[in-house]
Amino acid sequence: MPRQFGGLWPALVTPFGANGKPDIAVVERLVDQFARDGLDGLYVTGSTGQWPLLTLPERQDIVAAAVRASAGRLPIMAHVGAVTTEDAVTLAKHAAKVGADAVSTVAPIYYPASADVVFEHYRCVGAATDLPLFVYHIDIAQKLSADPRQYTERLVALPNIAGLKMTSLDLYLFGLIRAYGGDRLQLFSGADEVLCHAVVSGSIGAIGTFYNLWGKSCKAAWMAMRAGKIDVARAFTLRFQTAIARVLAAGSTWTFLRQAMQQKYRIDIGMPRPPLGSQDKPWSDAEVAEIIALVDGNP
Amino acid sequence: MPRQFGGLWPALVTPFGANGKPDIAVVERLVDQFARDGLDGLYVTGSTGQWPLLTLPERQDIVAAAVRASAGRLPIMAHVGAVTTEDAVTLAKHAAKVGADAVSTVAPIYYPASADVVFEHYRCVGAATDLPLFVYHIDIAQKLSADPRQYTERLVALPNIAGLKMTSLDLYLFGLIRAYGGDRLQLFSGADEVLCHAVVSGSIGAIGTFYNLWGKSCKAAWMAMRAGKIDVARAFTLRFQTAIARVLAAGSTWTFLRQAMQQKYRIDIGMPRPPLGSQDKPWSDAEVAEIIALVDGNP
Amino acid sequence: MPRQFGGLWPALVTPFGANGKPDIAVVERLVDQFARDGLDGLYVTGSTGQWPLLTLPERQDIVAAAVRASAGRLPIMAHVGAVTTEDAVTLAKHAAKVGADAVSTVAPIYYPASADVVFEHYRCVGAATDLPLFVYHIDIAQKLSADPRQYTERLVALPNIAGLKMTSLDLYLFGLIRAYGGDRLQLFSGADEVLCHAVVSGSIGAIGTFYNLWGKSCKAAWMAMRAGKIDVARAFTLRFQTAIARVLAAGSTWTFLRQAMQQKYRIDIGMPRPPLGSQDKPWSDAEVAEIIALVDGNP
Amino acid sequence: MPRQFGGLWPALVTPFGANGKPDIAVVERLVDQFARDGLDGLYVTGSTGQWPLLTLPERQDIVAAAVRASAGRLPIMAHVGAVTTEDAVTLAKHAAKVGADAVSTVAPIYYPASADVVFEHYRCVGAATDLPLFVYHIDIAQKLSADPRQYTERLVALPNIAGLKMTSLDLYLFGLIRAYGGDRLQLFSGADEVLCHAVVSGSIGAIGTFYNLWGKSCKAAWMAMRAGKIDVARAFTLRFQTAIARVLAAGSTWTFLRQAMQQKYRIDIGMPRPPLGSQDKPWSDAEVAEIIALVDGNP
């Protein structure tokens, strides 16, 4: 049996310094913050962590720093997905070497790929190490899961497969994979908006962008949900979804996160690598504070 | 304040006789069955009720029969959506005259329609009677709700608006409409697959096809969910979603429902009007019994 | 061998009187106009002819009037597609009885339908009469043609099949059906925007909305294209596409057509049945004249 | 006025050696082959050239080799699109330095990007050198061109803009951009399937994958089309589209190209970098020969 994971995991943002490079010192501060906040794990160099814009050495440095800074307090799952299978395998081996607790990978990007091509890519990554593998399921432009039973069967046959990060609002598909996969698949919910709903489909935890900012509040809501406090979960969900909608509608998500994390943690994550964030506008401090409080409540 | 609705409502199937006409006697038996089962209301001549394949007089007969058979035991919501606005208005007035409790309408079909055209159509239906209006939201091929706040504002401004039947797996949109609309909108979940999940987004009940067959079990699961019995709701959800997937994958939904309702209620809903059901295959009695039991449990 | 059709065919608008009913006298005037303009046929009670908003008797009256008014000058293809297979068959038989030259049908609407259901619907319509059958191919939300070879094989096996009205911008699919179907399928282009391009994929003619207004000019361009006058066809295409874009962007297509046909033919097609056209705004006469001239050239 | 380009351009495949590295000697042989075949230019390190799987130095070597091997016989357009804006700018400057004739770039990939982000990315690439810029328009998952007039206006305002590679079957959009952009935009058709059709929308040439194999035949067909030989263009188009469909349906495009180019040119392009091609099956020599002849005719 693979190791059991679960709980509330930020998909760690990659902080950048003024020199345009990943800021490893800030990575370490973030890991420490989230460990002290009592969160349950970290998903590193994923989409929120901007993997497509990073070089391989940069990605390796970030994973190594997260493992080091965690010092066993939080399990570290390294997203090792890459454009070439070879790079993904290289990253997986490195993650194992530096002590990451699990690896994860997206499907091949850019070129349309058949299911056979996708699963061969997954297979190579899974077989590269002894670490548990979590496939990163994204439902945009992906027809792989049209037959959920067959999809689940192919997933459970992968070497070292432990579960999925399901980044999808589709809780019907989520539930079917949970039903067909049973205990063979640990399903993390990857769509922040349905953090609490996914519990009803058998999620064992959640991985997401906004847990960088609201990790403690989200963990509390998720635990309330698991404990059957539906009114608490519902009230939280409406506030959380509204906050997300307000941030996304403005088209300046990175500057929101940056300013909000500065206000809340006194940590500066800097600006990402263009084109990401290149047109982000600054927010007023008051609006940032108001949106933070919408989820966290007033202090 | 409009009347408050809620609970578990079958989207009533329209039963057909051997002569190819709607079978009013069977309509009455179904209504009686669902009232005795303790369900909470009926949605009549909707998509499950095959409105596009029925004539106006047929639709009026069915609504009148449902009201008559319910005799006040179950509120009756008449779906009056039609291709022409005039027909929808005619049906709404008839529904009011025969004593239906609410009306509902889909957006215009077949021709792509602007938001202005859609809302004018809704406005005419809402203004046609004093009955509460529930807009039937379908997310296929509909861009209306791209800005959920604006969409909600236009909805709450409709005459006699009371709520929505949200037939969508998107519980982020569901929650945003709930958050923006507050108590002004009563939201029924219309996607059977997420019956329990929708509670977390503030649903006041559910309307759906499969409640014709599994109404009592679904109501019990929904009440368990509301009472915070997450384990019960999760276990039910995985079984229910699996059963739905098994039925839909076979491409013979109508014959499944027909045979299952015969087994369970001794009521024959006949075969629908082609092209619906024209290629449905018969099921084995054993498989039907097995799928029924998957949701209801074994007797 | 079925009769050979071809050339430039308006998808006849259905004109309405002030009483909200189809105006048969105006139908006759339009048919006469298009016959005198030297156009090549008429497609009646299709989408432009607003079939979903018409009753069966209304549709029958319009087809009968078109046949009568044509008096053999223009072949009449009756679109008999309907929500129920039975209604489509009824309309097909009526079309044959009153002397139409061909029938056509869309796939079933509203409910998602399997390929088997769709082809059984087509089969019933084709078998209902001895008239040549033209399937009305729309590519929105239709997965039927994902395998173009298989799709073509099923089409050519239909009773009385003569061809397709291909309402799609996809000239790759168009060409594959032409290649696989060979002389067994006469392909009309149904997307006005690619009237001339479709000649390169083997179209035998075109059926469309805007030919109600610009039939003569479009026929001239189409003949130039067939004669290899590429420069003429290209210059026309850019003007025609620009005119279409200008009309569609305004969201008031019906009032444009109405005012333009009044200016050009002195024929009033009235206003359609709501919800169609319910929010159309009036155009300035000058702008209408300018757009007409963009395609027709200045007199 | 920017330099005028046009004609038939292969989107050069990137050949790989047995060591898994780009094979520069084969790049040179291919360039020489296409120059001697009388083709009109080369599009290098685009999607067919597998840019996302190559390192920056590899891309630079390929571009430099193409320029060198062409020795002025064929203009070289370097695709410099990259995940980061900085890399794209670096590649553009290198292309200028080594003597490429134009640069081209896709929109940012992986992350959904607003129009502002996309155009800032284009702007940086255009401003990086004095070379003419061709935007690589792909219509998958891209809402940028929903308003074609506005899209065209933003395009023509870019620094050094010369045109577009329009990789889309939508010849309505193609024509509108041609009409709005006039002589300010040189439009290459990038969808092989509509090579001839695009002439009617004002294409000045075509860039595509299959011209690596069938460049001479495609150029002859394209010139026949421009000369008004519609029957020749139509017959060719049906054969060419059928050949493409046959190759794509097999899901082994790369091995087809490899074996076909071996048969035809005695040049081995090797196997691409996985995941691309990882599940490609070998073809029979007879089938490859048959498909080659379908387009080229029998020798």
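By written order: A, B, C and D. Residues from 1 in each chain.
Criterion: a residue touches a chain if its C-beta (ideal position, glycine included) is under 8 Å from a C-beta of that chain, and two chains touch if they have at least 3 such contacts.
These numbers were taken from a predicted model, which means no experiment stands behind them.
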item: Most distant chain from subunit B, judged by the mean position of its C-alpha atoms; value: D
item: Proportion of interface numbers common to subunit A and subunit B (over half same, under half different); value: same
item: Rounded Å distance, subunit A centre to subunit D centre (Cα mean); value: 36
item: Averaged-CA centre spacing for the pair subunit D and subunit B, given as whole angstrom; value: 51
item: Overlap residues in subunit D, where contacts from two or more other chains coincide; value: none
item: All touching chain pairs, where touch follows the definition stated at the start; value: A-B, A-D, B-C, C-D
item: Residues of subunit A that touch subunit D when the two form their complex; value: 20, 47, 52-53, 83-86, 108-111, 113-114, 116-118, 120-121, 124, 140-141, 251, 273-276, 278-279
item: For the subunit A and subunit B complex, residues of the former touching the latter; value: 148-149, 169-172, 175-176, 178-180, 191, 193-194, 196-197, 199-202, 225-230, 233-234, 237-239, 241-242, 244-245
